[in-house]
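Written out below as structure tokens is the structure these notes cover.
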């Protein structure tokens, strides 16, 4: 058993983890990255599409560019690649890590969780029928196409209209795979409008709202699906239609990855790590940032969150006295997701929220005060704002709500 | 002739501003509102005259640690050329190592836009 | 002396292994590409205690004996069993009467340690059981296992002791030819002295082809939901049985997930491959399982599946002997529990009849694929220092390492499901979306197959279709 000790240990080297490395290094902390894969970058490596970097680099980049350019900023950290955390003991501040060079016990001053999210697999939807090959999560299909140089099939349908699903609809179309359509069980899209425009409309791929799969066909390889209209999550009988296809791409939701820590720290109802405005979890020396906190639309926001988490983790590791939580955010009417659950009310901080249904015009409110007006608010598009403790009373219980208004 | 207003979502960046574009009766661009930056205004004008897109895809790598290198057009190219551009890109091969930003195809389809690598691909250690 | 075993399900596998203790040549025929992929793969995986079966049935004869045999068998063949115990929950006085009936039956069948618990004692054993129960029948001897692991282990051990296996080889018919039997298969004709038909759902048709009349089989479909909700129950939980069968259960699997099901749908005899799930079936599973355990969280669904059990009208196993040919038909529940006892008896019979001699060099122990996640830190360190690939985690959900996947391939896995059912990689909450590519790359390296040739399970279940560039 090998023993190591670092000020800040970061779990996961994707966008949030790289941000955390930078944040911790800026405070002169000793930093160790523990990464499952053979390199940093996480899912950025397979996201070859553009749309990254608008905030952090002030230009539009692809995922691989964003990864490499950000990595170039990082100097002087240690990393274990192809290493997996088996266990966290927050009492003794010890991680148990397995890698090809053996078992490690690593003591941390502070820990940053940057484990990202995983895709909900199609199997979890309990769709009746058979269980053939040819069913992929959008991310798996993306991995096959962009990193392994392999096509998943010849005729595909996309289930769910999350961003990766929309991006894969375009990617497959450009590579000559027929994409029959995108099917979304909700009455509104799951991904960004930008992606509906440039991934579907540009290529005349139909988006069928309130429609999803009710049966899978094919014993060995997928042979087709039956789709039907859905109202309130239930199929409408008589609306069934068979679609022949050999490939099903599922983009049916991302789940914050907290399985390693869900016994250690407070987890929100949506599965994310509950954090305060310092990105601190319910354990004082464990921080979290990125999609394991809440699912973000923009990688740039994830990076910024990671940088904050890394900085504050370094301060904790160096025994700096950190402010206490004084305010707690509650989801009020019209709000489905909030990124930050507690505040120390010490410095201005970013808050991201999602509305719970599409609103022509949404007025965001903090307690009884109007914060911001958002046109065309959609659950798929995160709303970003800054909360300044000198402007708002951020003590005690703070309710964030979204009121629908007519333009 | 009367003016016409259309609504669109800006796709220049993931913020996705809601734009209102006003055109004259001949479809000629007049003005835009709702954009948060100048790029949005340029996009709106282009979108009603000649829509353009960045094309991200891959090119085959020979002797690399990866079979493909991710690439994109340096600037947006006319939307109507996307498939034609794919046909050209498909035929290209590049020898490892590849550096990020390296120009792999010059002046794609006479658009004046280059295709650049968006990542580094080292040589395969085995070869 | 040449012996053919038709079917590498749990019964055929254990019979084959049992025969390799003697000086005979054993050949196994399996129509599917891997062992344990028929009836064996998709059932509840329960070691029944044996109180459920009417006395004087073959089920009663073999169930509790088979249950006891599993302890030694699991030690020799190195597969996991967990003696979780079982509870049959009664929700009213009428159901309590049935529990008393089962208790009586259990005693006649020789089931040990069976008792009826009060509501409170039952809830103490099983805190998440519905508060609405009034009593429960408790058996500490019931347990769970992964049935396919038994078939894999038994076949591996049989092969190690000299048996041969013909995978993807369908036996179409059996003909008596003088003293011998001629098997017509999809891969040619073979001659044997002894034939054991353990062909599961097709055992009736195969017996028929040999001119042996047995009660015909029809498939009884069981639909299941597998949940990634560990420790929600500790024991195998049954509702009180009815004429329709044992009902829909909630149980902890050997892999620390929770299984709900099965339905009991009688299909037509021609529907022996209809393993589709249905909306009605799955919603029935949900409803009944929630009645037993209200805490069940469906958002933790891993997947659904359905299996078929070979059922006949007399609801009992049928074992037909015809000179040196034995047909084992309708090994429906508790066929899995009964399997070692059936195998022991059948092989014993033939041994006596043909005066077969024991081999001196039979090796009873099968080495399992190492399981890193179950090892102590010292054991992990030791294994990794010998072979670093045991330190590379490939399946993040179940912490399966590269070393285990390579070993699974050496143990016979040739498909993704072959790896999955030997290592539990791709069995977890991501259902392979993170690790499938890595596993395919390991298979490509170890077997020398191209990506395009790698299949999920059956020959046409390829994963990818050509290159992008």
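Which chain is which? They are A, B and C, in the order written, and residues in each are numbered from 1.
Everything below uses one rule, namely that contacts are C-beta pairs under 8 Å (C-beta built on N, C-alpha and C of every residue); 3 or more make two chains touch, one makes a residue touch a chain.
Because the structure is predicted, anything quoted here is derived from the model rather than measured.
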Check: Chain with the smallest distance from its CA centroid to the overall CA centroid?
Finding: A
Item checked: Which of A-B and A-C has more C-beta contact pairs -> A-C
Margin query: Distance between subunit B and subunit C based on Cα centroids, please, to the nearest Å.
Written below: 54
Next item on the list: Please work out the Cα centroid separation of subunit A and subunit C, and write it as a whole number of Å.
Entry: 38
Next item on the list: Determine the centre-to-centre distance between subunit A and subunit B, using the mean Cα coordinates as centres, and give it in whole Å.
Entry: 25
Margin query: Where in subunit C do residues touch at least two different other chains?
Written below: 468-469
Checklist line | subunit B: positions in contact with at least two other chains | finding: 58, 60, 67-68
Next item on the list: Spell out, as numbers or ranges, the residues of subunit A touching 2 or more other chains.
Entry: 147-149, 175
Margin query: Going by the contact rule set out above, which residues of subunit B touch subunit A in the complex?
Written below: 8-16, 18, 53-58, 60, 66-68, 70, 72, 79, 82-83, 86, 100, 118-120
Margin query: Show me the residue ranges of subunit C that touch subunit B in the complex, using the header's touch definition.
Written below: 468-469
Next item on the list: Sort out for me which residues of subunit C touch subunit A in the complex.
Entry: 225, 273, 275-279, 281-282, 298, 301-305, 372-373, 377, 380-381, 384-385, 388-389, 391-393, 396-397, 399, 401, 429-434, 436-437, 451-452, 455-469
Check: For subunit A, which residues are in contact with subunit C within the complex?
Finding: 1, 36, 82, 84, 86, 96, 98-103, 118-119, 121-126, 128-134, 136-137, 139-140, 143-145, 147-154, 175, 214, 219-221, 235, 246, 259
Notebook entry, point to check: Which bits of subunit B are touching subunit C when the two form their complex?
Noted result: 58-60, 67-68, 90
